[in-house]
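Shown next, in structure tokens, is the structure this report addresses.
Residue numbering begins at 1 within each chain, and the chains themselves are lettered A, B, C, D and E in the order written.
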Amino acid sequence: MNLSNHIPILIIAIPLLAAFLVPLISRINKKATGILTTLALSVSLLLTIVLAVKILTVGPQVYVFGATSPSLTLPSGLKFPIRIMFQIDAMSIFMGLITAVVSFLGATYSLSFTKKYDGVDKYYSLLLLLTVGIFGMEFTGDIFNFFVFLEIASIASVALISFRGVDLGEPAEAGFKYMVVSSVSALMVLFAIGIFYGEYDVLNIAAIASVIKYSQLDKIALGLLMPVLAMKAGAVPMHMWTPDAYSEAPAPITMMLVAASQASLYALFRVVFSLYNISLNTLTVGWIIIIFGLLSMFIGVTMAIIQKDIKRLMAYHAISQTGYMLLGVGVGLAVLANPEALKNYGITAMEGGIFHIMNHAMYKGLLFLTAGALFFRTGTRDLNKMGGLAHYMKYTTIFFIIGAAAIAGLPPFNGFASKLLIYESVYKFNPLLSIIAMVVSILTLASFVKVFHSAFLGPKLPQFKEVKEVPRSMVFAMAVLSCIIIFFGLFPDLIVKNLVHPAVMSLIEQLQYTGTVLGGM
Amino acid sequence: MKKIIFGLAFIIFFSFLIVSAINMRTFGEPTISEMDDYFIENAQNETGANNVVTSIVFDYRGFDTLGEATVLFTAVVGVVALFRGVKK
Amino acid sequence: MIGNLPYVVVVISIGLGIYTLMFKRNLIKIAIGICLIENGVNLFLITLGYRKGAVAPIYTYAPSGQAMVLPTPQALTLTSIVIGIATTALILSIAMMIYKHYGTLDTDQVRRLKG
Amino acid sequence: MLGLLETGSGFWSAIIWILLVLVIGNLVIYIRNKGEDSYKKNTEQDKPFISGNPEESKESSHLSASHIYWGFTEALKGYYNPLVKMHTGNINDYSSWIIVITAIILIMVGVSG
Amino acid sequence: MKEMSRIIKTVTNFVYGFIIIFGFYIIVHGHLTPGGGFQGGAVVGSAFALLLISYGSMNSNKFLKEDIFSLFEGFGLILFIVLGFSGLGITFFYNFLANSGGWFGDTAVIGVNPGDMNTAGVIPLMNIAVGLEVLSAFGVIVLTMARGAEFTKKKENS
């Protein structure tokens, strides 16, 4: 049996098996659970890298469950897939790389971070399950299977958000709010799936995309799918759950929640580009996404300026950065209909948006980890109570400066590269949008100057006498993220040429997506 | 004021749901059903199960079932984690 | 229209659930609203699979020569029912926790996180 | 060349940027080191002048977060008050906003096309 | 919650065994008759819930052990995913036992037939695994939420 064909499922099945094993292991040894989690996630990280190399050289991979050929030909002549399959192209593996890196670093960070908690085995089991859910959302090619993995990710993240709910009220409240909105969105997705099934009697995304005809029902399905997926990604004005959930979850989980929101964002792009693509009215839908992006950018950053809680502030910044991705990809979608505009600036805008997803996962994860480090040592998230921490936590200060510079789009860090792509291409589409994006970037810098001043600068405060540097594994996780940020900032062209451009192409070309399953029909 | 906006939005949403219900394929006569006909014809000799639904749940769409069992496991772990520290 | 009356019933159930989510100010009622939407969607899937005068797709002791209803929606509904059970269990436990910490189930008091 | 990112209407290279920053920084440092001859060390010229008041202690001089950008938020009060009022941490509003946006998008997509 | 009246307890003692047996029947005949792992597991779980509400959470802790349930849940899930892995010669979740002549490997009679237990490959095994998982999951959920109800009530009084 040749395991190299089974890499797509092993990436998901190994963390799943580890998640099932962790509660049994914890009966024997509580300490071993964290080690097992980290091992499983590192294995899946390695497999993801191998799969990425394979996909970027060979082409999209299709993995069918329970059969060898993806689609079977009926006597009636038409061929369509009946089994669940993973369909992994450049975009999926791009998101998969983000998820693998983030989850592995989150587990490493948790090794020290969860010392204060009891019930650590459940924490690690839920973390593995959240990773499995995000991977599945990104890899699957079956629309109902996507719903199942969406529910896995939602329930695991809710359980992790309300993990501290035994002692405190706020985490339970945040978990309840996120549970309600995410189950509503999942049920809307299921209703749309039912519409598709009733119309075309297939559940495979590529098969639906090959026969979709944009009837009235398809319009309603799109109108149900778009807002709920944008809500899961945290687009204004459906963003209110985001600060609650991000600020109340433990810091490594917050970093993974960012990846989960980006998986929903990926699903939104997948629905718009691969499922409907040119058949829909691209100008209307593109402008809807652009308006989502504008509102998210501006309201997110202006709400962030007046926050006192450091993680709430960063959560509002996550909303505002999501706006950049929506803006870039929305511009790409709006000009999808006319080829020369697409070739002129549309593809560049989409490259900026997609590249910004990876950059955002990296520097926002780093910032949340630094906030978690501050919380780990000082025990507070209130910026008014902090001050002068740079005297005690040298490494954390350096990592925070790197992350803040990256999110504010200061050269030579990675945030600048993707934002530059977005500015220049969006300026050709509509100058006003580009100017608003630059203003938002300036406000981002301003609010992070505020955080840096009130948390790190200032005199040594007496209540933080015994504060010292965080343990080694937390420093390791933050250091790896900082190295990734600096590397992306120095050599952005490598990433854009080798990872981002194929991802954009796999989004734009619908025939390639359907052809991998249905054999070029 | 806010209530009026929300009520209006709810009415619009509900009317669109009604439109979708009316445009749905006629109840009782599924027009396109290749996949299900394939299941009904070939499930017995491919999987050997008399119960076509079970053969779909555990064979054709077995991975969904794994995900579903995982969802239940996730909920159990979440509930137990939420009530940890609560003594018997 | 009259042939599609079952779909209309489904949509009414979903709409009632949405109304509950929007305008009812009790956490338990919100959980009930989510269950309403769930049941509506499950009923929608089952309704899609019905075929007039057909029997259940099970060959054991089936009346021979009869047409069978579409099996896929039943499998999907089984999956989504179990997912609904999981969601409901978790949401009710969190509501119990909120009641322990806040002493109330009114959504106007359960809002320490705002702004 | 490595690190040269084509942006469609130009290019961006972090390495060239770093070299430029080094050159300009050295220039600035050189100009600064030429010095100002009317400046004398260890006189009252390099003491902070707090308009005659006594210098306060360090702990009390730390500016806490809620005072930063006070003027900004004060000037934009008309923008911030409704925005903050919109963020009622009420779960009914959360789900209601989803329905509002869904209705708007359904109108834009389902009717116009 | 406290225990209920003697009538209810007597009826429960009489009924719950039958409920559990019926649930296991549904589980093992999942590939022949309506039902399967999830449905049968739900039935058995309902028997546990009946025991719990009739005897009260304090007394029922004597014969409904939560950690044993969680142990069985883990075993069921691991059996399920190992069955998925064992098809890895072809693909994940490949029904490698069907029509192979061995365990549950008889080829089924095509068309309407009374049915044969010894068919359908890995499907009966998966049914058993999922049934084990679901019944123990329901047991854990019911017991934990009953415990949590006691917990929250106590805190509210104090």
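Going forward, contacts are C-beta pairs under 8 Å (C-beta built on N, C-alpha and C of every residue); 3 or more make two chains touch, one makes a residue touch a chain.
All values reported here derive from a predicted model rather than from experimental measurement.
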Chain labels contacting chain C and also chain E: A, B
Topological distance between chain A and chain D, in contact steps: 1
Chain pair, most C-beta pairs within the contact cut-off: A-D
Chain whose Cα mean lies nearest the overall Cα mean: A
Chain located farthest away, centre of chain E as origin (C-alpha): D
Chain centre separation (chain A, chain E; CA means) in Å: 36
Mean-CA-position distance for chain B and chain A (Å): 25
Distance between the centres, which are taken as Cα means, of chain D and chain C, whole angstrom: 47
Inter-centroid spacing, chain C versus chain B (mean Cα positions, whole Å): 9
Numbers and ranges of chain C residues touching at least 2 other chains: 14, 18, 21-23, 27, 30, 48, 56, 58-60, 72, 76, 78-79, 82-83, 86-87, 89-90, 93-94, 97, 110-113, 115
Residue list for chain D, restricted to those that touch at least two other chains: 84, 87, 89, 91, 93, 95-96, 99-100, 102, 106, 110
Shared interface positions of chain E, touching two or more other chains: 32-34, 36, 38, 70, 77, 81, 84, 92-93, 95, 111, 113, 115, 134, 141, 144-145, 148, 151
Chains that touch, pairwise: A-B, A-C, A-D, A-E, B-C, B-D, B-E, C-D, C-E
Residue numbers on chain D that touch chain C, as the complex places them: 84, 87-92, 95-96, 99
Footprint of chain A on chain E - complex, ascending: 70-71, 74, 77-78, 81, 84-85, 87-95
Complex interface listing, chain E residues touching chain C: 32-34, 36, 38, 111-115, 134, 141, 144-145, 148-149, 151-152, 155-156
Residues on chain A engaged by chain E in the complex (per definition of touch): 1, 6, 9, 13, 16-17, 20-21, 23-24, 27, 63-68
Chain B residues touching chain E - in the complex, by the definition given at the top: 44-51, 53-55, 57-59, 62-63, 65-66, 68-70, 72-73, 75-76, 79-80, 82-83, 86, 88
